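The following pair of complexes shares a single chain, chain A, combined with chain B in the former and chain C in the latter.
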Partner chain A sequence: MSLEGESFELREIQRLEGHTDRVWSVAWKPSTGVDGVPAVLASCSGDKTVRIWEKSPSTGSFQCKAVLDETHTRTVRSCAWSPSGKNIATASFDATTAIWENVGDEYECVSTLEGHENEVKSVSWNASGSLLATCGRDKSVWIWEVLPGNEFECVSVLQGHTQDVKMVQWHPHVDILFSCSYDNSIKVWLEDGDDDWHCVQTLTEANNGHTSTVWALSFNASGDKMVTCSDDLSLKIWGVDVMNTKSGEGYAPWKHICSISGYHDRTIFSVDWSSEGIIATGAADDAIRLFVENKDNLVDEPMYKLLLKKDKAHEMDVNSVQWSPEGDKLLASASDDGTIKIWELVSV
Partner chain B sequence: MSEKFSATLRIGDLNDYIAPSQGCVVSLKANSNSTSSTSKLGKSSSEKLGRPGHAVKSGETEPVKISLKDCLACSGCITSAETVMLEKQSLDEFLSNINKGKDVVISLSPQSRASLAVYFGLSPLQVFRKLTTFFKSLGVKAVFDTSCSRDLSLIESCNEFITRYKEQRSTNDQQSKLPLPMISSACPGWICYAEKTLGSYILPHISSVKSPQQTIGTVIKNNICQTLSLRPEDIYHVTVMPCYDKKLEAVRDDFNYPVTEVDSVLTTGEVLDLIQSKSVDFGTLEESPLDKLLANVDEDDHLFGVYGSSGGYADTIFRYAAKVLFGKEIVGPLEFKAIRNSDFREVSLEIGGETVLKFALCYGFRNLQNVVRKIKSGKCEYQFLEIMACPSGCLNGGGQIKPKRGESVKELIQSLEAKYMEDVVVTDPFKNPIIKGLYAEWLDQPGSEKAKKFVHTKYHPVVKSITSQLQNW
Partner chain C sequence: MVSDLINANPTVYEKRDRRTRTAPNDVDEYAAEPIDQLEIFDHLRDIKDPEHPYSLEELKVITEDAIEVDDKRSYVRVTFTPTVEHCSLAAAIGLCLRVKLMRCLPSRYKVDIRVAPGSHATEASVNKQLNDKERVAAALESPNLLNLVEECLAPSFA
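Take a look at the complex of A and B:
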């Protein structure tokens, strides 16, 4: 898609109301919103519930199809669909991660993962859906193997971060796990030959990394770049030369490519890189910003420019932004104001 | 918290230092006039609150003294304050008790012996003799061996297992039945985690038998002291252990009545520090005769003990159960099969194509999580679990001597495993003459009232305090 020489607008399509407390996170169900399958979005909240929203084929508007409640006893901080879309995992401040199975319009809690000492902050499935990672305030990152019959087995408990771990995210193509933390670092975890996992890289201030809490991270479509966002008001772009870790060539380290600073003046809580290359951020100034690679720039290093800033996208902090997976330029955002908004990127 | 504790204790811990974000509850209680920070933490969501550096450290108002006992009773962190631990159970304290004229008695663990043997390139027997020389030169009265008291723990564990197994099979539908699987109780990291985090559902599974450390304590202070003509209150009993968590075990209230069984725990690494601080050439040190009163050494000066470098609980109980319950005498090493990884291994007994016994070794936090999950969901197929908090078990304890430069942890563990059984004659604990003697003159028989009084203990779920739950980081 060419973004050159055009003007864009982030147009509010719909405002989803129903949660009775702040909304922490949203997640689009994979393989929906395409081929006649209606788009499905999950949201989770301080009201201890998860809501499932589906786009009506007739009206084109999103409706709440299910409320996943009476399982978590505290805030549900994050949610993630399995790649098949059959399951959704929810991470809660009640120290558990719940696994829900979707049959028709029904969602049943089929497993509860215990082990974290206290608040679970984030959950992520690997590309094949065979592994699940969680992280939390107890500074640990856990890896679970998904077994038949909704069984989960703990494969590893990783202690490397020195503070609250805010987010875990699997690489989109290979089984490498990334985590980011209140300790200002991003850690990269890889399985060793002996059925256990270990940290192969830590990206810190010393690597041109962040100087405050790293809240979130996201990958570009090809998986050779990663963007991270932080309380230090910057985004950092990281790149890897070759994705050869699977071919036994050893681990290829991630390197800092550039920083995107000067655009945010409050904490950046969320970042998401769309399949078409647009980076969206959600921040504590209630705004959503979009960045794209600046192709005019002819210096060696790629630079990124602000495509647009949507002021007052919400009435309060924007906690989560997520692009729909099917390239239809839909963006979902979640806020402390208790609402979710669906946006469409349109040229004007 | 200190890296020195087992990983299991560290996961149970909330903070690396007593920071206000996840403050020490004990200090908050002590400084009740400074609890404003608590009420702040009680607010709806502090997920997005500012950095910890902005807040006031509890120590800045008034220093708070926290003892290890406070930490054990608390559901918050374990404590990072190494000084808290080292104050009461340190080399300085050890030396000062010798100087004070206390009757200092040492009990040496076989894992520590192996660690020092690998370090100095000696045999475990040589290390035992040289350490006896070394400690006695400092004024220590006797140097004993916890593989001796471990045989007593093992016999009581065998007896407890058979009792549980038969109770489960009996038609008598009493509520008081103790459940299977029975879980070993020798690892203090595991016990602490079970009490603080897992709580009441798991505790009935844990064997009530005291660990070899506490068993040798009770034997020394309640029985052997008479043979030695010493008064229990004059004895300062120090154990040498592969593990820092043992220091926490020693201060449990259950092990301090009527007398303190273990006054101090030194790790293998601390003993090495002591040897080096005295500028002793350990390799050339003279070898003294051993204190055979409580040591697994036969007349020909051969060490003896059981298979299994983490105490041999699964191995010993499996053999005993096979013999007593099914009439099968097993000779030679048992075949433990790795299930997921080398730290999760099982052994089973088949009779007529049917599996009648299935035991497992389960070391390290991740494997522990999976068996605990199975027990909670009622899907655990084992009758006995030897759980140890550390990967590779006790030889890899946090108190052991670290690998030499260029040596991997894996290589060191392999050397330790080999060294551990070097010159050790494998012997059935029931044939240990010292333990037979203790039963004959003191404890009657396994599982007796006296054995229960002296060699068994209880576990207590730690109730989560409100203050520890208020923190909503």
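Take a look at the complex of A and C:
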């Protein structure tokens, strides 16, 4: 999509109701919404359930196809589809991570990962679906190996953060793990070839990093840039020499490229970089904002500019924003107001 | 058990008289009435201190002046003053304030809660915790903490 010389708006397509408490997170099922496969979205909530929503090919509207309940006993904080879309992992304040298998319209809990001392806050699959990472309030990051027969073996418990870990996210192409925390830092974790995982880099205020809780991070399509969002009201763009990383010849450190500040006035909870290059944020001021790279390249101009701000996107905090696998056409958002909204980016 | 208390001998102040709110003469009964400082103070003044049979008003943990409100922007900031600098119950008091406001203010409201500058040894850390909504949500799922909050907010206490 060309963004030059056009104006855009986020048009609300549908409001999904059903959760009875705040919705913390949404996740699009991979490879849906393309090639005639109906789009599928998962959402998780303070009501202890996960809901699966599917777009009806006939009406074009999303309907709740399944409610995954009676497994978690506390808030489900985040959910993540395996790359194949066969499984969904759910992280809960009940200290467990559940693995669900999808057969037809049914979802069955096939495994429960225990080990964290208390709240699990985030879960992420690596690109091949062979590894899973979880993190939580106990300040640790766990790496699990996915074995045949729905077995999951913990291969590493990573200590290093000094406060609770808000999110884990695997790099989209290589097996490098990123975590961000209430301790204001982002940590990069790498395997040394001997099944030993360790922290290879910590991005802090000393590296032009954040000055308060880092809530989320997201990668661009090529994986050579990362965006992080924080309670310090800023976004940070980080970059790496991706060729170096891929060759496996040593670790290429991530460097601060720029900060995007002055746009948010309350905590930024969620950030997602679309495959087409648009950065969406969800924040505690109930708004959704979209940013794009400033291609004008004029001296003294910021490197990223605000494409649009959708005020009052929800009635309360926006906790999660996620672009659909289709690219930057559809955006899903989740809120404290208990609803999920589907938005379409249209030029006006 | 007195020795277990964090502040064994708190200073207790007189409660202020309840003021009746004066309504202007030309009342439009259909107009929305803005939420003001006094209304929020009235919601918070009778919350019980977690370790004493006194209200937050009687201990001057909360005063009317410590409440900033902007009804147009749907924003409230409450600044409370723990009775002692090392009060380990500061987070609990803050949690009570937040829960009370969550229950009585319209959901459009944004609430910031903090301890008064200089009033607490670990001010920044208490403030950060009280304004991390994920931690607040997790705390309120803990039966022990929820019981403590419910006890302090119990309407029977006055």
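Everything that follows uses one rule, which is that the second predicted complex is superposed on the first by the 338 of 348 C-alpha atoms of A that agree within 3 Å, B and C clash if a C-alpha of one lies under 4 Å from a C-alpha of the other, contacts with A are read in each partner's own complex, and residues count from 1 in each chain.
To be clear about the criterion, a contact is a pair of C-beta atoms (placed from the backbone, for glycine too) under 8 Å apart; a residue touches a chain by one contact, two chains touch by 3 or more.
Nothing here was measured: the structure is a model prediction, and the numbers come from that model.
Of the two partner chains placed by the overlay, only chain C lies in contact with A:Met316; chain B stays clear of it. By the document's definition of touching, of the two partners only chain B reaches A:Asp196; chain C does not.
In the superposition on chain A, contact is made by A:Ser140 with chain B only, not with chain C. With both structures placed on the common chain, the touch criterion links A:Gly46 to chain B and to chain C.
Taking chain A as the reference, the larger set of touched residues comes from B, when chain B and chain C are compared. Contact with both chain B and chain C is seen for A:Thr75 once the two complexes are overlaid on the shared chain.
Of the two partner chains, chain C is the only one that A:Asp337 touches; chain B does not reach it. Contacts of A:Asp241 after superposition: neither chain B nor chain C is touched. Common to the chain B-facing and chain C-facing surfaces of chain A are residues 22, 46, 75, 77, 93, 118-119, 137, 164, 212-213, 284, 317.
Within the complex formed with chain A, the residues of chain B that make contact are 7, 10-14, 16, 22, 44-45, 47-48, 51-52, 197, 340-341, 365-367, 369-370, 373, 376, 472-473. Chain C makes touch with chain A in their complex at residues 107-108, 110, 128, 132-135, 137-138, 141.
Contact residues of chain A toward chain B in the complex are 22, 46, 75, 77, 93, 114-115, 117-119, 137-138, 140, 152-157, 159, 162-164, 194-196, 212-213, 267, 269, 284, 317.
Taken together, the chain A residues at the contact with chain C in this complex read 22, 46, 74-75, 77, 93, 118-119, 121, 137, 164, 166, 182, 212-213, 231, 266, 284-285, 315-317, 336-337.
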